[in-house]
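Heads up, the thing below is written out as C-alpha cells.
For clarity, chains are labelled A, B, C and D in written order, and residue numbers in each chain start from 1.
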Amino acid sequence: MEKRRNSPLASEYRLKRRVQFYETDAAGIVHFSWFFRYMEEAEHALWRAAGLSIAPPEAEIGWPRVAASFDFHRPLRFEDEFEVCIRVAAITEKTIRYSCVITSGATRIAKGSLTIACVSKRPRKAMKSIPIPAEIAARFEIASGGDAERT
Amino acid sequence: MEKRRNSPLASEYRLKRRVQFYETDAAGIVHFSWFFRYMEEAEHALWRAAGLSIAPPEAEIGWPRVAASFDFHRPLRFEDEFEVCIRVAAITEKTIRYSCVITSGATRIAKGSLTIACVSKRPRKAMKSIPIPAEIAARFEIASGGDAERT
Amino acid sequence: MEKRRNSPLASEYRLKRRVQFYETDAAGIVHFSWFFRYMEEAEHALWRAAGLSIAPPEAEIGWPRVAASFDFHRPLRFEDEFEVCIRVAAITEKTIRYSCVITSGATRIAKGSLTIACVSKRPRKAMKSIPIPAEIAARFEIASGGDAERT
Amino acid sequence: MEKRRNSPLASEYRLKRRVQFYETDAAGIVHFSWFFRYMEEAEHALWRAAGLSIAPPEAEIGWPRVAASFDFHRPLRFEDEFEVCIRVAAITEKTIRYSCVITSGATRIAKGSLTIACVSKRPRKAMKSIPIPAEIAARFEIASGGDAERT
C-alpha cells in the first residue's frame, strides 16, 4: 500500500486506493467529506515515507489542521480505483502546506489543499503554536514545481 | 435534543434523531455501522441524564466496548425521523450491558446490545479492567423489564 | 433540533449541536473532516426550513458539492455544545454558495464555505449541470450582509 | 491490497490494513464502529476475489445486512497494522453468514459475525427477500472448519 521514495527527503507521496462502500452516500457517489480523509491518509503515508509518525505515542507536540479545501471535478463510485498525490507546497516556521490531486486513471477527480500547524500539547491547557522541530523540518522538502498538479 | 428523566436513577433514555445524508450509502439506506453509533449516542445521553460524562477531561478510567450486536429489521433512509431507546439491562462488578431498540413511528427498525467494561487508563500500559466506581454504579439502575423491548 | 424561520424565504439557519464521541480522534478533538459534515447538516436543515428536501425519493436532480473549504480556529472536544450558522452567500443560474461559521459560546471555532451545483441524474450517464429549477430558487434568498460572519 | 486465492471458489479472504487517524477516537483507540467497516471491507474483497461485485452499477438485487456482532478483545491504535480474516460460515437459500477474526501480529483483537440477505431492489417499494441467484451462490463455498478462528 506504500512505497518508499528513493529521495532522502520527502516531498510527495502517491497513495493508491479503492472506494469502500461505507464511503458512498445515497447519491451513489463518495461523500465529499471523504476526500479530506483521503488527503490525510496520503499525508500520513508521506510522513511514514519520511521515517516519521505524525502522532507517535505520548507525543508532546501535535499537528492540528488550520485550513483545508477541495474543488470537486468528477465523482468517485463504489470500487473505483484512484490515486491521491500529495505534495509539500510550502513550509514556514510553524506550518506546512500541502497540495493534493486525486485522479482515477486519466481523469482528474479533485484538487485540494491542506495547511497544518505545529503545536505543543499541554494537558488542561489550550494548544499553543510552536516552531516546527528542526529534526522534523529536515525530513521534508518542497516538491519541485511546488504544486501537486505538475505530475 | 435531550430530556432529563424525573427518576433519580438512570435506567433508560430515548433519543430522537433524524437521518443525516452522510449516514446513508449507495444502497440508499443508512449504512449498518451507523446503528452502533446511534446506540452509543443514546448511551452517552443516558449518562448525561444521570449527571455524568462517560469521558470527562483527564479521566483516569475509561469504558471500552467489549461486545456489540444488532439485528436489522427495516432500513432507514435520508431524513427519516427515528427514536433510539437504550436501557440498562445488567450491571456486574466491572461491566454494564445495555439493550437498545430503534423505531421509526410504529415500525421496529433494529434491536441491539452493547456491553462496556470499566478500565484504568495508564499511559504506556495496557488497559486494565477494574471494578466500577461506587459513585458511578450508584447513578444507574436496571430498567424494569430489563429489556428495551418492553416499552 | 430545528426551528423554522418566520421569514418566508430561507437565507440562514442556525443548527445547535453537541460533539459526539465518534466525531473525536486520538488528538482528543473533533476530526477536521467532521466540520464539513456539520456544515452539510445545517445546509439540509436550511432546505427543510424552506419547505424542501435536498434529496427527495426518486429525485431526477441532484446537488453535488463542487467546492468546500474551512479555516479552523479553535478545537471542539467531546460533549462541547456548538452552533453552526449557514447563510446563502450567492445564487447563480446553476450553483448556490453558502458561508458558514461555527461557534461555541462566544468562541469562534471555524469558518467555512460550500458551493453546490444542480445536476440532472441520468442512469448510466455522467451527471450534467443544469439551471436550478425556478420553484427551488424561489425558496432562497441571499442573506443580508451576504456572509455568515455578520451575525 | 488484495490477493486472489488459488481455489476456484471463494471461502475466505485475508485483508491487510493499517489504522488510519480518522478511525481513532478521544480514548486513543479505534472506535468500535470501525470494526464493522473493516469486516465489510474484507467481505467486499472476498467478493472481488470471487470475480463478483456486491453492488455493481444498476444492480437489481442488493445485500442488506440483517445481523452483525463483534466481541472486542484488545484495542487497535493509530498506524497499527492488522489483518481481517473473513470466512463464509453458512449459506442458506436467501442468506450468507460470515465469521471474522481480526488480529495484529500474534494478538487476537476481535471476533465478529455478519449475516446478509439477498433482496430485490424495487423503486418506491420495500426491499423483498429473494433466493440467492445460482450464479452467485456457485462462487462461494463454506470455509473448511466453518469458522474464521481455525486459521
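Just so we're on the same page, contacts are C-beta pairs under 8 Å (C-beta built on N, C-alpha and C of every residue); 3 or more make two chains touch, one makes a residue touch a chain.
Everything quoted here is computed from the prediction, not taken from an experiment.
A count of contacting C-beta pairs for A-B and for A-C identifies A-C as the more extensively joined pair. The most distant chain from subunit D, with centres taken as the mean of CA atoms, is C.
For this pair, subunit A with subunit B, the centres built from the Cα atoms lie 34 Å apart. Centre-to-centre, using mean CA coordinates, subunit A is 24 Å away from subunit C. Looking at subunit D, one finds that residues 21-22, 26, 29, 33, 37, 40, 55, 57, 77-78 touch two or more other chains. The touching residues of subunit C, counted against subunit B in their complex, run 1, 16, 18, 20-22, 37, 40-41, 44, 48, 53-55, 57, 77-79.
On subunit D, the positions that touch subunit B within their shared complex are 26-27, 29, 32-34, 36-37, 40, 55, 62, 64-72, 75, 121, 126-127. Residues 21-22, 24-26, 28-29, 31, 33, 57-58, 77-78, 123-124 of subunit D are the ones that touch subunit C when the two sit in their complex.
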